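Here subunit A shows up in two complexes: once beside subunit B, once beside subunit C.
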Partner chain A sequence: MPEKRPDKTREERKKACYHVPIGPQHPMYVESENIMVHLDGETIVDVDVNIGYMHRGIEELMQRRNYIQNIFLAERICGICSGIHSMTYTQCVENMAGIGEIPERAKLIRMIILELERLHSHLLFFGVAGYEIGLDTLFMYTWRDREHVLDMLEMISGNRINYAMPTPGGVRRNLPEEKIPEMLKKLDYLEKQCRYYAKVFQHDKLFSERSVGLGILKRDDVQRFHIVGPVARASGVRDDVRKNIPYLVYDELDWSMITQTGKDVRARVMVKALEMFQSISILRQCLKRIVKTPKELKVRFPLVIPPSEGIAVMEAPRGELVYHGRSNGTDRPERMRIRTPSFVNIPYSLPLMLRDQQLADLPIIVASIDPCFSCCDRVTLLDTRTGEKKKVDETFLRRLRDV
Partner chain B sequence: MTERWITGLGKVYHKWKNTIFIDVPRKEIIKALGKANEKGAILNDVAGYDNGKEYEVSYTFTTGGEVFTLRTRISRVKPEIESATKLFPGAELMERECFESLGIDFPGNPFLKNVLHDKTTPKTPLRRKEAKDAREKT
Partner chain C sequence: MFEILVYPGVAFIIIASMLYSGILRKLAARMQNRKGPPVWQPFWDFIKLLSKDTIQPEQARPGYNVWPTLGFVSVLVAALAIPIGGMAALSIPGDLIIVVYFLSFGSMCLYMAGLSSANPFGVIGAMRGITQMVGYEFPFLASLITVAVARGTLSLWNINFFQVNYGFLAFLYPFAFIAFFIAIVAKAEIPPFHTPTAHQEIVSGYYTEYSGTNLAMIELTHYIKLFALLALGVAVFFGGSATIWGFLAKTLVLLFVVVVFRVVLARLRIDQAFRLTWFFGIVALVDLVRVLL
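This part shows the complex of A and B:
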């Protein structure tokens, strides 16, 4: 990791520092992460990022389940990006099975889910960013508006978080066309709100003072460590899978990739704020187009896939998501490798952003990369009377289920 | 658009849409990675796999609207392969993940230790034997 690259002066300074552990449990985080901060007074000399507190071994679990069961497992990797995980997995399985094209309606439904998910993920991020800075009202506004996006997802899938929409070869449910006018109305409202948020991020004095020039991530470092998604785009790198390696029908729609040159916290927030408008535009185009497409939702998919290999790369709200799978002639994958965007963004970019910054700015700098820890740890129970610790394993959970 | 230099890196064993899978002999992998680096390909992933006879390490890249994977096989007796961190510093974490899940050694990786697993996690859980034992237990 970059924090440990030979830097004698910094290493010597670190020895004379105060070492402050932040996390794994900390009010600043929604999930578990440990950052060991080396402080000289109030200035951060260096940080050591420790991940893995939420590891669940999902890659191994996928080898035990069949291709259909794994859709729902992939969906549970991340609560916010559940749609992109299940769709990247599904596309990877389709590539392994050699399914050339899925129906156009299925492609559009997948895109609608993905873009709605991007909207709600970005709105969630604005709330967290506002909260870290002290703009609690912004937090409440954005999370209120996020409800509208979740309502739209519920209209389509019947669920607000895990949508279970894709299936190898297409989608499981049709989009209720009678809901389209209501969805378009909600998109108009969201566009108006996004304009307001973009104005706040651009001109609010408090926000500017707490974000401009903070947590600089140089373009060279982004390219050197292959940092992805909005974090890379905020440093001026044109990295968006939807444009670079188009999938579904992204290449047939009119939208543009957002980049910023600020490299700081505000640039990262602005990338997401401006991306909201692009997502809304994509959604309008998809909703307009879907009514003209044939009603076919999926093509035939074999339950058993002959030995093969497949890769799917998609743009999650936080950046590039990679699934690399192998089949072995059965109904279960031989190996499913998942590379999430946060796996490269968190450990590589945080040390670079936090060096020589003030401790008080740490929460917003960390929040600005929108960290997501999509690998979860096992659970341990502690008996408060005896002090005895007990691990919760699969057998225990099965027993609970059967009670 | 298929770039000719990609297919020249080794033997193409599978191709699907814009994805090319290339088999590269163990001795030539660093040279192939160097070529990818020289051409500005972006390293997306390093993945390990136990095929029962030997271990495989796959390096996935994206370049010019294409995805390509360089796969190389390494012996089970001495599972090690030179680290790609000199060419791609971002490979460090992914190599560490291969190291902890399959026990593949990457000489040259400056911080080769567990990244996601802790002391209580079973060692090399993605090796076939360990995975099979774990399944039988549960």
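This part shows the complex of A and C:
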């Protein structure tokens, strides 16, 4: 490892570096993003994160569709956390319309979908983490087990990825109660497998070699940039919307928030591994409770919402997800604003984690924040006369504020 | 002539090495709980690549088209000198040196190919490959020298038939054998030593820029290198071979252990790989010192 030269600033060192583009097309990820890596030998001097390759204008599209059509649009923002997007959206619309309480059965069905989604998202993450350090076997095993979760989601909703379950005021389908014993059996199997994976992450020598002490994100930095979700929890910050601002029936169930103090890649993996057990426990409690609730599934939703504003915050598998909407008395929103966890985590935490690390550790460090690039891109300015594309950055926003 | 061109020469080595890579992929797939490609897949890949266009980047340096073929020829020469089933196509005194030299030269050709391709990923892959080579040549040579000194010969033929008559040298020199095995895993760039071609970091490492016939030659070089290393392992440590069936059985046992390595281990960083290979070099020295005393 070449020695650090404190007499030169990082900017000066950057100029003399070897510049390696990671992305927009790179085998590290299926999604497109660009990380410009400035290398001194194998050591990373600095990285420039350029997002903006996946902008689809979803917020704009939402203003042209009515509240019911938007559920299915919100679901397609992300391929992994599709459920949480549609549920946060419906929660936001309910807040705008002033629907106070939805039936308990609907709440429980929403929670079951959300926690199953967390399970499959975390299992997917373990596979990606294994793949990034060249351990393909872990990838194959976790994705095999992920199929069981997808089977469970299919039992409930009929779909594997986009469940189309919530609707403003409740849910669209009932949970088939005759499938509950089978689901409990699958949960037992998953718990057994998760115990095995947690053991691997905790004790496997090669995995430790490639994860302990890498990609350190300090507690101060987490709070300064408001990093959310498992990344924050791995740095010891107690940040989980399910505990801090409980929604649905999370406050009535028995579970605990997982935090780690490692601040490194292994801590982030361990947070997710231990969260799996909490999710399984929540699912068991929900399945036990749902048979006792009345059969009512939804309350009436007016379709047209008088001018008002609403906000909804939920804990997605990757962190805090915020929907903020405003209605104008028609059947479509005047504005919907979506803030996804990856959008907070990627641009701010990646440079902090990657500086002075080895190039070989870049994939696992990037993967450890479980980035979702399709969630990431919200605002791109396009000058229609010149065709020039511009990203909105801090200085631009400052200028807007000063005008 | 028949011995050089057909059996156990060029034709046999090429077909068998492709088949061995197919078996490796199939075994790895079964261990990872998936179906895997048919064992003949490397053949179809090879034929497909031969029919594809060969693209040369504008900034590529001279030699871009030469290194892959040169690498293939040199590992083939190395494989020809190794006794297979009690026969060797090129059996001359001192063939151990030929094998060691041409195996390393074959690897070096591929790294030179990466350096000449004017691609940042290719250059990084080649630099990693050369660094790793400095690491794994130490246990490789130390273990082979142990056997050469102990038997007092540089002829693989003699070492092979000594084992056929008197049993496995692996039992006599276990430390050297372990070091040798780690070295062949590293030399064949099987996980955990696939740092030079780390897919997630540097795309395909030194052969990122290659396509068509050149890529076919690089793949074939990998196949033959693995086969030659397994054959060398049998000839030097793993009991030798008097018949083709004994040879196949013993190489497949070694291949199985290689696959276990591939399946259960994660990729090492280049500094970790270097440290590990030198550690096993020192392990091999234990036996060398024992032999010299």
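Keep this in mind: the second predicted complex is superposed on the first by the 366 of 403 C-alpha atoms of A that agree within 3 Å, B and C clash if a C-alpha of one lies under 4 Å from a C-alpha of the other, contacts with A are read in each partner's own complex, and residues count from 1 in each chain.
Keep in mind that, in the parts below, a contact is a pair of C-beta atoms (placed from the backbone, for glycine too) under 8 Å apart; a residue touches a chain by one contact, two chains touch by 3 or more.
Predicted, not measured: the structure shown is a model, and the values here were computed from it.
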Overlay on subunit A: subunit C relative to subunit B, clash or fit: fit
Partner chain in contact with A:Y67 - subunit B first, subunit C second, else both or neither: neither
Larger contact residue set on subunit A - subunit B or subunit C: B
Partner chain in contact with A:R224 - subunit B first, subunit C second, else both or neither: first
Touched partner set for A:H55, first subunit B, second subunit C, both or neither: first
Touching partner for A:Y250 - first (subunit B), second (subunit C), both, neither: neither
Touching partner for A:R335 - first (subunit B), second (subunit C), both, neither: first
First, second, both or neither for A:T137, with subunit B first and subunit C second: second
Partner chain in contact with A:L359 - subunit B first, subunit C second, else both or neither: second
Partner chain(s) touched by A:S308 [first = subunit B, second = subunit C, both, neither]: first
Three-chain overlay, closest Cα atoms of subunit B and subunit C, distance in Å: 25
Touching both subunit B and subunit C, residues of subunit A: 1
In the complex, subunit A residues that touch subunit B: 1-2, 4-5, 51-52, 55, 57, 59-60, 63-64, 95, 98, 100, 224-227, 244-246, 308-311, 313, 320, 322, 324, 326, 334-335, 337, 339, 343-344, 347-348, 375, 393-395
Touching residues (chain side subunit B, partner subunit A) in the complex: 14, 16-19, 21, 42-45, 47, 49, 58, 60, 62, 65-67, 69, 88-90, 92-94, 101, 110-111, 114-118, 121, 125-126, 131, 134-135, 138
Touching residues (chain side subunit C, partner subunit A) in the complex: 31-34, 120-121, 124, 128, 191-192, 194-195, 198-203, 263-272
Interfacial residue positions of subunit A with respect to subunit C in the complex: 1, 18-20, 26-28, 42, 130-137, 140-141, 144, 206-207, 209-210, 358-363
